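Starting off with a structure, shown below.
For reference, chains read A, B and C in written order, and residue numbers begin at 1 within each chain.
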Amino acid sequence: MENVLKPLLDSANSIILGKEQQLKLAVCCLLAKGHLLIEDIPGVGKTTLSHTLARLLGLNYQRIQFTSDILPADIIGASIFDVENARFEFHPGPLFNQMILADEINRSTPKAQSALLEAMEEHQVTVEGKTYDLPRPFFVIATQNPSHQIGTFPLPESQLDRFLMRIELGYPDKRAERKLLVGRHRYSLIEELSVQLEPKQLANIQQQVTEVHASSALLDYLQDLIAYTRESTDYHCGLSPRAGLALLTAAKAWTYMDGRNAVLPDDIQAVLPSVAGHRLRSGSTDSDSIVAPLLNNVAVS
Amino acid sequence: MVLDVNQRILVFLLVSIGLITLPHINHMPMTVFSFFSLLLIWRFVCVWKTNYLPNKIIILLLVIVAVVLLYTQHKGFLGRDAGTNLFVTALGLKLLEIKKERDLYLISYLAFIVASTQFLYQQSILMAGYILFVCCVLIATLVSINSQKAATVSALKTATLIIFQALPISIVLFVLFPRVEAPRWMLFNHQNTAISGLSDSLEPGSISRLGLSDELVFRVKFAGKIPPPNQRYWRGPVFSWTNGKRWTESKNLFFKKNQHKVTYTGESYQYTLMMEPQDKRWVFALDMPSLYPDSVTKNALYQLINKDNPGKRAAYKITSFSQYNTGDITKTERKDNLQLPSDPSEKIIHLVTQLQGFEAPAERFIQSVLSHFKNENFYYTLTPPLMEENPIETFLFDTRYGFCSHYATAFVYLMRVAGLPARVVAGYQGGEHNKVGGFLEVRQANAHAWAEVWLKNKGWTRFDPTAAIAPERVEQDVNIDLQIATGLVNFSPANINVSRALSWMKSAKQLWSGIDYSWQRWVINYSTVNQSKFLSSLGINNISSMVQWLVASIALITCILAWTIFKTRQTKIAEELILYQRYCKKLARAGVYKKAGETAINFSIRVQHLRPDIAEEVKKITAIYIRLRYEQNLAKEDFILLKNKVASFKA
Amino acid sequence: MSLSLKQRFHRSRFIKGEKATDKSITLSHRRIFILPTQRGLGFVILITLLLLIAFVYNNNMVYLLAFILASVFFVTILHSFKSLAGLVLTQGHSQAVFSGEAAGFDIVINNPNNVQRFNLQASLDRTVNFTLVEQEKKSITLYAVTQQRGWHNIDTVTLSSTYPLGLFRAWSPLRFAAKTLVYPKPNIEEIPFPETEVDQAQEQSPTLANKKTKGSDDFYGLKEYQAGDPIKHIHWKAFAKGQGLFSKQYGGESLVELWLNYDQTPGNNDEQRLSQLCRWVIDAENAGLLYGFTIPGVKLEPGYGKAHYEKCLQALALF
């Protein structure tokens, strides 16, 4: 296992400097067949990250820049009347790619947002009564500006739930930033990257992730965590069953990446801020402090 | 059929009420019982068809019908029968008017009262078991009202559990709760509650029925000397006419008019006789009364008869003499006292001949009959076998187990066959000396029957054949416990000829009658006297120690109950977790505490950092624990390893 | 924790419960009180009656029955205690409401033991009946009618049970530190939104256009005609070719920015104005408008969505 994923992570780390943990989470999200939401200010490397991953995995990559005037048809595609054939023809939009970077998703109107998110959930698009399947694997990395910025439409909770993880990149540390300043332009480096994981291998790994063992003791802990969010006054509303499932899948992927075959509470704790942070509403906004009461108060045995 | 919760509760309640009233079918007037059954069935139908429920006017009419019915049956509402009918009818009427939960409770409480009235008619162990069962069902009804669940079985289970938990305390209360005999003025109706003692006829078993009753019949306070036990014969009805089975008073009324001159000799006893309320007019004077107050008369059978209402307590000042001569008897009297139902059988004639009945003087014959009883295998028992046909012969030649009435009647019969005028006298014999009050207490258990033979120059002379066979019966007081201990009261029909194949049935019967007897003895007849006797054998002599015992034993039982009720079954904790917790405890004692949300690995890292000296052990224990707890394939060796590691772990 | 005698027998403990707490409360002998109910007193009368019958008729079996019932009565006390003992109650979420509505407080009741808890009753203003099976955790919502806007503290919650026989009522008064926000009562009258000064709106958010027409800016596709679509949107060319009726679809959101100003709100007093403002906030949110909000001391930038909506209402509630 490790010999498959390690070169992937190493190559990624050589492009995006000083973000090992975030990269690992991003790959973990990918292995768990989930979509990723990156929330941060512009310019910290969100686009670079997604581009790098697409490159390393050999996936078709498409970036969609969301603006306030983007329409659903711009994303999905539209039926356009073909005069020669005298009939409507569907022209697939940028969504029909294996890896999508939905940049600044919260700049667009809710209508456009929901068009994307519905496609993410159902892995297919329906236009004028006809259903079109999306390619597989299908992986969306959406980026979001912090919600307090001007001119944003924050994603509603129901939409947030569709992202398996939300991560924050943050500024690079001093050494990484220096390296960045000294080194070559990132895009030229990305161009040089070679595919580390064939789509077939990826599908294989995704299958293996589901087979990771979760003992009943672990499930007890997981359920205690979920119950805590539903009962405690620390949170406005609790985690949904879908969130619970997401937590388990993400933890399994994390376990797999660590080269083990049984999920430990540590794995759950590792993915908890990214999986639960955006699904819970509490006084604070950053994921770590949101899940802090959970990590501290729910007993693990 | 699907019933909602309330319907189920109703069905439950109605069934239990049906069960409770069912045994009353024996002692309620048919009209009242049918009226109740009608109401019950009506209500049962209404469980499904609620629009059949009567409106207010119909209920009022029903109430009027009920009142009329009750009044015509009983001319009142007080007393056992009337009271029972009243409660049953009230229960039936209340059934038709269930509006609120409160009504269900009222009905349940009425049902409990009706259940208790059952005991006024029958107190057998079977009835007690039945009522206990019915109470279980009633309590289960209350449980289902309060649990809002329609789970019949679980409600019954809970009710049974509660009753079983209640039994120890109720037994303690039963034993220790002070029993006071009710003052008679409290009785609603004397007719029903007055002592039913000796009857006006003598049949086999009519006295043994009284043999275990501790009920007080009368008290005697002597002014001077007290007669010795074997002189304490309290004279009651005299039976001279027989059909071979049943003995009754002579029908020749002229006896009562014809008073003989009696000459009194010997010791004289002056005493006050205090009769408890009776259902007969008989006053049981010491044999033979000479002076008595005007409120009583003495009949020709030398029995004192009360002129007033016998249902009241009454005291009589009487003087009696131990020796007396009644003089001659008239022809009619002689004829009456030689009466035989039919010609005696060959066997009897043979026996009388053998005992020299036809040739020897009367007194010698009497002696030989008495010694016949004594020397042959005759047994005295309170529970003789049933002798349906020709009881005297059966008793004399076959069973030879008998009670005082058997001996007395057989004796009189033999006398008459030999041509000696003889009769049976019923009454009481003995009496317990109450040291506190200084008087004798005579109870139903003292009921007795003896014989009188007319002898020339001596007049009527008392002979007690029971004394020959069981002298302790006469010389000591009746001690029921002692009687059991010495086998006087035995429960077997003692029929030796019973085939062996039936022996298990016999032993079952014996066992059953043993249980039944103990029930009679210890539960039904557990009265003031029994209680004080029993308690003083435990060293409880006065009220205050009684209360102390009561409180102490209830407290003890409560503690035990609370322990059994509150002990919660712990959910099973995985063994590796127990071991790990033990390890954490050891660390905690050393001052390293595991935080609630800290995983085993994080904790181990922290401990390794804090205590490098035990780092290796901590690492190993954590690794094994995690393997056991979270991994798929458990290895038994790992478990043993963890056990050993934790055991030897020192922080 | 031990209580002094005076504290222990203070009357309010039996009715109002101990100090309010936001932690979980485990019911123990300190918090559970038991008294016979009316039915229980009736049962005592029944026992007395039976004893009387037993006494008068000197009947040992009736005595025994009376004693059994008396013991049942006694044993029931223990069972009553058991019906509540060990339950763990924790306050849960509470939803904000408009004044006059019933505020809901969630209480989480955990039964950690292996016994069933029948017919528990939790009451605040109204009573909720429920049953807990072994080791069940249940969240119940209790409602309290609210009168005034602002913070509303939860009253004493009484958890009680008459199980098993209804002869005793075991109860435990519990006070939680939970509170809920009560928004002003929205005005019933429909008063149109105040005129928005376009200049101000554009000044506030220059990136957003202030367009009042809906659905008529950008063409983005066709859909099958449905009754009710405007006639001028019909794709006549396609119809003429006999391909059926299609409607042209136009995208774009109307991004009206609404400013709700306290000073411009009709009303005789504070409460009426707040009530009207509350009504506008609700309407604006439902209409999907962007709305900003000023009341003395508080100014909220225009926005929309649940969080913004709640922020506005909270500001009104706590004004």
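Methods note: a residue touches a chain if its C-beta (ideal position, glycine included) is under 8 Å from a C-beta of that chain, and two chains touch if they have at least 3 such contacts.
These numbers come from a predicted model, not from an experiment.
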| note | If you tally C-beta contacts across B-C and across A-C, the winner is B-C
| request: By CA centroids, point me to the most central chain in this structure. | output: C
| field | Mean-CA-position distance for subunit B and subunit A (Å) | value | 84
| task | Using mean C-alpha positions as chain centres, tell me how far subunit B is from subunit C in Å, no decimals. | result | 62
| message | With centres defined as the mean C-alpha position, give me the subunit A-subunit C separation in Å. | response | 35
| Which subunit B residues qualify as touching subunit A in the complex? | 574, 577, 580-581, 595-602, 626, 629-632
| message | Taking the touch rule as given, give the residues of subunit B at its contact with subunit C in the complex, in rising order. | response | 80, 101-102, 105-106, 109, 112-113, 115-117, 119-120, 123, 127-128, 131-132, 135, 139, 142-143, 145-149, 158, 162-163, 165-171, 173-174, 177, 179-182, 186-188, 193, 523-527, 558, 561-562, 565-566, 568-569, 571
| said: Taking the touch rule as given, give the residues of subunit A at its contact with subunit C in the complex, in rising order. | reply: 68-69, 71-74, 78-79, 81, 86-88, 109, 111, 128, 150-151, 153-154, 156-157, 227, 230-233, 236-237
| Can you list the subunit C residues touching subunit B in their complex? | 38-39, 42-43, 46, 49-50, 53-72, 74-76, 78-79, 81-82, 85-86, 113-115, 118-119, 129, 131, 135, 162-167
| request: Quick one: which bits of subunit C touch subunit A in the complex? Just the residue numbers, please. | output: 22, 90-93, 108, 137, 139, 178, 205, 207-208, 218, 220-224, 238, 241, 243, 251-253, 305-307
